[in-house]
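Pasting the structures in now, so scroll down.
Paired with subunit B in one complex and with subunit C in the other, subunit A is shared by the two complexes that follow.
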Partner chain A sequence: MSENTAMSTSEAIAWFAEIFETTENEISSETRQQDIEGWDSMGVLTLMAELDDRFSINLDQDELESISTINDLLDVLRKNNVLAE
Partner chain B sequence: MKMTLEKISPYLAKSLEIPGEALAQCFTPASREDLDEIVRFRQTLFEGDAPWDDKSYLEWRYSFDGTGAERNCIWIFRKDSEIIGCLGIESVNLQLPGTLIPACKAMDILVDPELDGRGLGAWMNLYLMSVYPVIIVVGSNKNSHSLLMRLFHPLSRTRMYKLPVRSGKFLQKILKSSLLSRIVSVPFDLLLSARRKLQWGRHEKGVSIRELSVIPPYITQLKSGREDQISIQRSPEYLTWRYVDNPRRDYTVIGVFVGEQLAGITICRLFFSESSQQLEATVLDWFFTENGAGINHRILLFRECISFLIARGVCMINVEVYCNSCHDDFHQLGFIVRDEGLPFFIYAKDEELRERLYDENRWFLTEGDFDTDMY
Partner chain C sequence: MNEFNTIDFENKWVVVTGASSGIGQGIARALAACNANLVLIGRNQETLAETAENIPAENVKLLVIDLSDSGTIVPLMKSVVEEVGAIYGFCHCAGIVDTRPINVTTPDSILKQLNINLIAGTEIVRALVKKGAMEEQGSIVFISSVYAHVGGAGETAYCATKGAVGAAVRAMAVELSARKIRVNSVSPGFVHTAMTEKGSKLTGAQLEAIVEKHPLGAGAVEDVARAVIFLLHHKNKWITGTDLLVDGGYTSV
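Let's turn to the complex of A and B:
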């Protein structure tokens, strides 16, 4: 189900923490993929499903491969106008 | 966020550039015609050549009727007719007090490294959960533990026991002198031997030990753990297949007799340890008769087995077990707890069954239950 409400950066980080099954305290915008245990193959599929479900954002393989930090994910939200500045 | 097969399937299909509706058809039990290609696929993923004949191993472990109806089978995932992933299944029976529950062990999971991170491994596991009602994962590498912890219910790890019987190599490492370590190891080994004698107590008369070439058919009358625990059922046929016919590893079956009566058997593997540079042995399985006349038969069995292994020149004896009630016996035998060992994951579709199977205090597993042939 698509949800168009914009989210704040801290809300977005909390949401990514939930997707990657970690805690908000464990991640920041600078955190890299390799530093988050749950950001593995399953985490990537969960991320794709959640982005699609919540914001109708469909990432292709090239976009996925270019993402390596939480900041990159925030950029995806920014680009799709779902991150309130 | 709990992911389901239905939810992730479209995204895996997209990531692999496969039509969503074709995804399940890409993952099928292998048939005989697939065997050579599976061997080639596995070979590309092993670092260097496998030190065993992999085709013989696969033929021994799995059937290839293409339906998955046979006891053991290997599932393969094909994309554009190329194998890009596989996962092996071995059917077993879980022995619970008063009942048997069919289950399967998942092992030999491999994914094309070029597709690493796309989710194929996770999807194959989730797919099998829709096919098999109870799955246990007994063969996994460190890199997959985080994923398995989220897909399956993790139970705590096995406990690893070690019994040092010869100190030469160990002392050589510390003293950095071959001559000095040879001198110091003599009194040290005498101390180890005296400690064993002190801990073991009196020696029963009429006990003998023999290497066996077959698994005795009356193995079913012996026991291995506590009968009120959950274990993987053993049968003479299973043990013969697992340990005698195994083309990947050589195992030694040791029978302990009191008079002419079999008191128990152990199954061991002797190997030269690259890390310690010495001959070591692992005891993978054991079965013993009911205790009698004040004798603890598990201790009697292990004591004789240890003596047999020492006579063979073994310097270190290892046991890995998932059984809290065994601890006192191993302590009495002189084993020391070293580390936590192998991880173990389980999935049960049925909620009522989950309550029983997800209780880690109820399990009894030995290293023989794990997919350790390759180590």
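Let's turn to the complex of A and C:
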């Protein structure tokens, strides 16, 4: 079900931490994919499912392959107007 | 005439779902090349009309149905039968895949895939088995998947729906044998289509890794279409309740 409620940057980081099964203390906007153990191929699929379920955001392959940091993920939320800043 | 060199569906109406793209479109094209009359079912009038323009069938009826709305299927099929007469064959090609790990596999994501991959097909069969709607000795083929036979990470729901297709096919085959209606399935491996490429949630590298697991490489829609034509053909009258793997050896490794 789509919630469609914008989230703050810190809420978004906490959400990504939950998706990648880590803690929000372990990640910041600068953290790279290779530095998060849970951001593997299954983590990517979980992320895509969560983006779809929560915000109806569907990433195509090109967008997906251009993402390599938490900041890139925040950009996805920003572009879809669901990041409150 | 040599009975082993003719594949002809002349004067036979065949219904194909998912006909606007991918495997369904390839099957429609192959059936048209074998002189079948076609009822093509798809979601989008424009892409369905494009498909019809590019295939050589003499008689084509287009039917725009949102197959996720299962309540509309039986009445629409009834109206088609009233218009064209008894249907000989049916191939359920429409299918969706929503790849997601089990921790985000919700009931909703399972049901969405089940609705299209299985229930839309059984609804069409339900319409076709009403008196006079399907020819005696007709033939039905469901497109299943290698994922009915083996597992894949992120494919719990998809595997379940395709496994259900195989189980349903066997039950329908037994039940409809009294009317000599045959029911079978085809399980393709990785086939290059818009759904498996642009529509996939997997990266190019992940798709390439899947292709590499096929000893004969990725398949083409025509490879699947030939198997479907074989199972639909009236001369193969002693084949029912079976699943034909068309997978370039994927499940043999």
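Everything below uses one rule, namely that the second predicted complex is superposed on the first by the 85 of 85 C-alpha atoms of A that agree within 3 Å, B and C clash if a C-alpha of one lies under 4 Å from a C-alpha of the other, contacts with A are read in each partner's own complex, and residues count from 1 in each chain.
Rule of thumb we're sticking to: contacts are C-beta pairs under 8 Å (C-beta built on N, C-alpha and C of every residue); 3 or more make two chains touch, one makes a residue touch a chain.
If you're wondering where the values come from, they're calculated on a predicted model, not measured in any experiment.
In the superposed pair of complexes, A:Gln61 makes contact with subunit B and with subunit C alike. Within the superposed three-chain model, A:Asp40 lies in touch with subunit B and out of touch with subunit C [touch as defined at top].
Put simply, more of the residues of subunit A are touched by B, taking subunit B and subunit C as the two choices.
After overlaying the two complexes on the shared chain, residue contacts for A:Glu26 are found with neither subunit B nor subunit C. By the document's definition of touching, of the two partners only subunit B reaches A:Glu18; subunit C does not.
According to the touch criterion, the shared surface of subunit A, contacted by subunit B in one complex and subunit C in the other, consists of residues 41-42, 44-46, 48-50, 60-61, 64. The part of subunit C that touches subunit A in the complex is made up of residues 98-101, 103-104, 106, 108-109, 153-154, 198, 200-204, 206. On the side of subunit A, the complex with subunit C involves touching residues 1, 41-42, 44-46, 48-50, 53, 60-61, 64-65.
Touching subunit B in their complex are the following residues of subunit A: 18-19, 21, 37-38, 40-42, 44-46, 48-50, 52, 58, 60-61, 64. On subunit B, the positions that touch subunit A within their shared complex are 1, 3, 7-8, 11-12, 14-15, 17, 116-123, 146-147, 150-151.
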